[in-house]
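Data block below; observations after.
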Amino acid sequence: MTEPATARVDSLEGDPPLLRVEGLEVEFSTSAGVLRALDGVSFEVRAGETLAILGESGSGKSVTAQAVMALLPQPAGSIVGGRIWYGGRDIAAEPVKQVRKLCATEIAMIFQDPLSSLNPVFRVGDQVAEPFRRRRGMDKRQALGKALELLKRVGIPNAETRIRDYPHQFSGGQRQRIMIAMAIALKPRLLIADEPTTALDVTVQAQIMDLLADLQAETGMGLILISHDLGVVADVAQRAAIMYAGRVVETGSIREIYDHPAHPYPKGLLESIPSEGARGQRLTPISGSPPNLLAVPSGCPFHPRCEFAIDVCRTDVPMLRRPEGWEAGHEAACHRSEEVL
Amino acid sequence: ACSGSSETDPPEGEAGAALPDDQQNLTFVPNYGWAGSDISKAPLEIGMNIALKQTLEPLVTLDNEAQPQPHLAESWEWTTPTTLEIKIREGVTFSDGTPLVSGDVKGTLERYLAQKQALHAVLSIITGIEAPDDSTVILTTSAPTGTLVGVLSLVLIGKGEFSHAEATAEDDEYWARPIGTGPFVITDYVPNDLFKFERNDSYWGEKAKLKTLTMKQITDANGKLTALSNNQAQAVQNVSYDQFETVEAIPDVTLEQFESLSYYFVWFMNDRAPLDNPDVRRAMWMALDLPTIVESLYGESREVMDSFCPAAAFGCVPAENMPTYDPEGAKKLLADAGYPDGFTVDIIFSLANATDNALAQALISGWKDIGVTVEPRGLDAASWLAAFTGMDWYMDFQPNQTPTGDADYTLNRLYSCAAARLGYCNPELDALMTQAQQESDPEVRLDLYQQVVNIMAEDTPAIPLFSTKVNVAYRDNVQGLTVPPTEFINFSTVYLTE
Amino acid sequence: MLGFVARRLLLAVFVLWGAVTVVFVVVRLVPADPALLMAGETATPEQLAALRAEMGLDQPLIAQYLQYVGNTLTGDFGRSYTQFVPAMDLIAQVLPNTALLALLACLLAVGVSFPLGLLAALRVNRFSDRAVTTLSLTTQSLPGFWIGIVLMLVFSRQLGWLPSAGLDSPQSLILPTITLALPFIAILTRMVRSGLIEVMGEGYITTARSKGLSERTVIFPHAIRNALIPVVTLVGLEFGTLLGGAVITETVFSFPGIGRLLVFSIGVRDYATVQACVVVIAVAFVLVNLFVDLLYGFLDPRVRNSR
Amino acid sequence: MTAALPPMITTTPIATPTTATQTMQRARRARRGVKIRITVPIIIIGLYVIGAITVPVIYGFDPLRTELVDRLKPPGTTLSNGSIAFLGTDQIGQDLFAQMMMGARVSLAVGASTLIFAGLAGVTVGLLAGHFGGWMDTVLMRIADVQLAFPAILLAILLASVLGQGLTNIIIVLSIANWVVFARVTRSQVLALKNREFVEAGRALGAGHFHLIVRTLLPGCVAPILVVATVEFGHVILAEAALSFLGVGVPIGVPSLGSTIQAGTAYLTSAWWISTLPGIALAGLVLATGVLGDALRDFYDPTLRGA
Amino acid sequence: MADSTPLLKVRNLRVAYPIRSSVLMRHIGDNVAVSDVSFDLHQGETVGLVGESGSGKSTIARTIIGLVKASDGSIEFEGKDIARASWRQLKSIRREMQMVFQDPYASLNPRLTVRDIIAEAWRVHPGVVPRGAWTSEAKALMDRVGLNPDYSDRYPHQFSGGQRQRIGIARALALRPKLIVCDEAVSALDVSVQAQVLNLLEDLQADLDLSYLFISHDLSVIEHLCDRVLVLNRGVVVEQGTVDQLFDNPQDDYTKRLLAAVPVVRPWLEPT
């Protein structure tokens, strides 16, 4: 059932990837049974590149990020298989304590919910300054100076005075920026942004995406952008991994996937978007409902909702593969990619 | 370690030498608490007497035969059958240096009379108090009375200047922390907790041997004995029978028992059906196996009574026809009285004394055996008093004392028609008791009291349950501690050895 | 901030007024007549009437009430009916003892329960957690007086290490403090544990971890300060209970405290002292909770401006 | 900063099966533990209830009966009537086991009735205060504060003197002393629920206050109330014991576990069983409810429950 | 459409949240969330409400539905002024006006089954559906919104986000209202589920002649669904018009900025 990902020779670039996830499996134990949240997830990110992880709600996007950062909720969740290669080390095999040392300096994360992710009882300045103090050993004044710089950088107005305020005194967009300031404080080489703009309106969303792009251009960091907004992703990412039921069902360059989806799920997703200019037209959603992770359908987990499904889809789990004639790096986990195209 | 002796120990004991003066500090845990510190408002409270008698003194004290002996009064004389002339001892001063004069005695008596407290019944025969000179007090009484001098042992003399018939706030404040003539001076008082005394170095008599004396209230049985065992207290009063073994196991501690004037009784509301029938009351008595109850609950620390007041008091002679345990007879009596199936009544008692629960239960159990249902009504002390004086009960059960050591005090005060306490009135009995009160020949009085108790045993207005002994457990280095029948311990002769 | 304090004070006054009124009413519902108690069983009706007049008990209830509230406002709680001194003097004698006892018990409880709760929370469902939880549950399951007596029998009677009665030396405080603190330690430990467990699941803890902070730094100060917030409220509420509820401990150890004074005063129907005791206990409760509210504001910036 | 990455080493074993499975096992065990921690206490409490109902009947236990010759007999003694008291006898010669079960009957009854009254009152107040907010909330919660600031022992003693000793008093006193806990818990839960959209949704449907309170808010409060109830059950039983210690507990003839323990403390050094055995029984009962409360809390805690 | 009397007529609506003094809860000032908003909504029409976070969209919705009191202006529903309606009238108005909430999970009582959630409305308004018919009616409604009627005894947590949103819609439909206010009803859903729900709303409108007041910050959804749009900025309507007017030819500065910020799904197709 599980597919130990074969180490694929990368034909795109010569550089080794910054982060490489191979066949990652994560399980949660719940009162209803053991739930396999990730079932053989593989992808890689390079320096300076932006990888988008797309997928429906509950498909395992956040869990992937948590697994990489060794932040899976304890004791419910744990990595049960696969490797996470970073800097030549398999950090999935290392003790949590060891991995934490990479956090912030090497890999940093922006969380989905900006209010609950800031400690309500500490001043934002102190929270932003914390990485400098604890990880770089700066003294308090110096660290606060750095924090102020960062807050200005992410566009908090009156940063000089607001540095002394508490999280609840900021608006949603501002809180999200503070989170970003904290994440980029130590100039990480890889940034994971988990739905950084979901709660925000389009204008603020645009500002934040610009900010992230600027940063990337400046430091050459790799970026994993988790989102379900196909539009936002298209603006900033070069490549995408699309997830469904704890698996990556399609990867490749954004343009390839959007223009020629090779898996029925991304295809259905793209067709569901209300397209501009087609006002009043009926939408075409994917039929059926998302899978129950406690009872994932056999074979291809998407088959109950798939119009292309044939017998083999019900029995055999499809592997990620690149059918003949496709652009390098564009792969899909579907038995019938050729037909889907 | 339990000796029944009640005679005074020799002051210089067999034990080692006395401790140096700065170590003569004794803590005593009395059996009784003290609701207040103004003795004139509660002259019969044993606890308050034990404490305040260290500071305030009476005119006379009672000896072991309950006979008055001179104290602050040097002498007294009935100049007429109704006139008592008292000579005040010379050279007595209060601890602040002011001399004791007859005015102090006059004032004190007036205050006691004005308070109309428990002693009022026996003091109210005094119709006049005069102080012709500083050392003489003349009392006039309304009728000849042989017991008055004994009663005076209960009157503690304070300063006249703070004792008026119309009490002022200063009076009350003085009496709450009195300055007296006694061997000790009060240095601290925490209500419901402790009295602290220091030796009165200008005491007129033999000076106290203790430098300081603390009376500390410890209510918890374990607390009491623990304090004794770790030497926080050197003497504790009234260890319950069940704890005797425990006390004996504590090293260097002696347990001693003394006769007392305290006893327990059950009262009937004699004019309330079905208890208005003497046969019913008698049956109730016969239902109780008192010897077994006393033996098993209290061992030798209490004694079944054969009279209506404690044997240690004068005149409390054994009644000749006391009912005894006979449940079958009791049932028959009840059936004859028209209650073959029994009846239901209540019994009230104060919860102040925890050990009474077992007793109450034993009594109720006995009555149940003859078919009488008795509902226990335990009340807190104050509510009990309200219910008791409100006569809102069928039966009452409580401890009582005869502090004057004379049967008159108990029998006349409680069972006369005038007392109107328990719906009981027998003119024949009243006549005998009045006669006995006015008589001064002891032999004649004894004879009269024999008739009194015989009538009472017949009428059964109450069931005397048992008289109590007092016991004191003390560390072996405590010398000279004795408990008189009144339980008013005199600490001036107590001292500590090594 | 000032408005916050002002509002709290206003509510505190309301609480005090409530306590004062309730005690007035309740005390007067009791059948036993203080005049009778003073005069004794032999008192005549005239005597009783005179005594009542003297004590002001013959006035209509509403007049008594107004007088009482007025006096209370001026700090005059009247004279004790039984001790003939101002009721406040009696309280002044014993209040410091109980306050000290309660404070020590509180400090001990906080000092012991925090490390224990922390230990349990950080090792949820492991042996140390089970041990701590079981221990605190067991402690909580025993009657306080029983614990007190057993402590006394062991440490005073058997071992003879500590005094068992009164308040003569600092050592006298040890056993009462422990007895009073034990049940409190038990509650607090469980509270700290569950509070911390809850906090450890919050998003900001994940954030702190994602900053690569050591687990120690994640707990101090990130988790602990948040976990403190509910605990502080409990401490405040319980401190009030400690003051009023020290009766048992005071009785076991014959400790001169306000609890015993209160029980004694009720026993002798000493209205003035009972009322004064209740007011003092209520004031202490209100003050402690005011302090807790301020502390709360200090710990949790969210309540500072919003309320 | 962007130093060349060292070459990959592929010799590390795949994942970390040991630690991973251990974590999972622990998590699963914890969840299984919750179920056990719920069923076992319920069984224990059930045994107490059965024992309390049947044992006194089997023994023909009459609480007012005394058998003075059989006083203070140690466990296992053959009594004068030939029966064997396997837990010994007490200070009036009653079989301690029968006495304890009778006591459990009273304690359970006191606990249950108090919970019902205090719960009803507290939950109602909490619902009203939380739902209506504003001055209603302020007033009700200040009344709760008054209650907390007012020493419960005073109430107990005073009620005992108004109504005489009896179970009714104790239940009333304990109910009055305990409603606040229910009120506070319910109120805070209502405040949390109130802002949830489903309550607004009910309002948008046109639902009245009664409907909102009874059908929407109340069901949402059941879980925390249940938890509090189990914890309070233990507290109440212990509080009753404390009242016995202060002499305002159950009357004679209605023995509770608390009063038996209290009466037995005087014999701790000579007849240890009188106080100790009921003490263990009481602790067992309270412990069972405490464990149940904790387990219920875990059971209802979404963070520990998983998805 | 313009000449028929509007179903909902909002005039000069002003909503202010009172700021109360901390001590006596005295009213010491106002935080004006919405000022001077006027618009009409006709039977069978869908009006969109857009604007940045905090601009007062939810406040307008909640005021219309009666969860918040207007401080000024009037809201007339079928000619009846809501502010002046008696409690009884208000209750009958509520029957005609329902709301679908933003968060599908939070807005469903976790302790009730789907059947009970839907029947709740009939319990509150007795007489609409007889008690005996609740189950069958509820199942009919579930079927109508595309939920399997066999699931009527399930609890909300047993459904997926899109299904939950349908439960919310079924509940709103239970009283056969004329107007449904949707406050960000699809924002939390991913595009495919969102598409399902939007289709459903359109179908229902066609079948039952419903009207919608539709709040969203997703302009593509607004563009897809609405007939007319109001753009809100800081509590004031800065622009309103038909979808075509607004999207093709925005007048107001803010509207222009808003439209410019909308991310495009396939930016490479856009002319630069």
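Here the chain labels run A, B, C, D and E in written order, and each chain numbers its own residues starting at 1.
By our rule, a residue touches a chain if its C-beta (ideal position, glycine included) is under 8 Å from a C-beta of that chain, and two chains touch if they have at least 3 such contacts.
The chain list, named the UniProt way, goes like this: A, E = Oligopeptide transport system ATP-binding protein; C = Oligopeptide transport system permease protein; D = Peptide/nickel transport system permease protein.
This is a predicted model, so every value here is computed, not measured.
> Report back the single chain whose CA centre is most distant from the CA centre of chain E.
Taking each chain's C-alpha mean as its centre, the farthest from chain E is B.
> Does B-C or B-D have the larger number of C-beta pairs in contact?
B-C
> Give, as an integer number of Å, the spacing between the C-alpha centres of chain E and chain D.
Chain centres of chain D and chain E, defined by C-alpha means, are spaced 46 Å apart.
> At what distance in angstrom does the C-alpha mean of chain E lie from that of chain B?
Once rounded, the distance between the two centres reads 87 Å.
> From the C-alpha centre of chain A to that of chain E, how far is it in Å?
32
> How far is the middle of chain A from the middle of chain B, if each middle is the mean of its Cα atoms, in Å?
91
> Residues of chain B that contact two or more other chains, please.
Residues 220, 222, 225, 380, 382-383 of chain B each touch two or more of the other chains.
> Residues touching two or more other chains, restricted to chain D: which are they?
Within chain D, the residues that touch at least two other chains are 26, 30, 157, 161, 265, 268-269.
> Out of chain A, which residues touch more than one other chain, so two or more?
75
> Contact residues on chain B for chain C in the complex?
Residues 35-38, 41-42, 116-118, 120-121, 169, 172-173, 175-176, 190-194, 216-220, 222-223, 225-227, 229-230, 232-233, 380-383, 385-386, 388-389.
> Using the touch definition up top, name the residues of chain D that touch chain B in the complex.
64-66, 68-69, 71-72, 91-93, 157, 160-161, 164-165, 247-248, 251-253, 263, 265-270
> How about chain A: which of its residues touch chain C in the complex?
Contacts found on chain A: 66, 69, 71, 73, 75, 97, 100-105, 108-109, 111, 113, 116-122, 130-131, 134-135, 166, 168, 179, 182-183.
> Okay, in this complex, where on chain C does chain D touch?
11, 14-16, 18-19, 22-23, 26-27, 29-32, 124-126, 133, 137-138, 140-146, 149-150, 153, 157, 190, 194, 197-198, 201, 237, 240-241, 244-245, 247-248, 251, 259, 262-263, 266-267, 274, 277-278, 281-282, 285-286, 289
> Quick one: in the complex, what on chain B touches chain D?
220-222, 225, 240, 242-243, 245-246, 249, 292-293, 296-297, 351, 354, 357-358, 360-362, 364-365, 368, 376-380, 382-383
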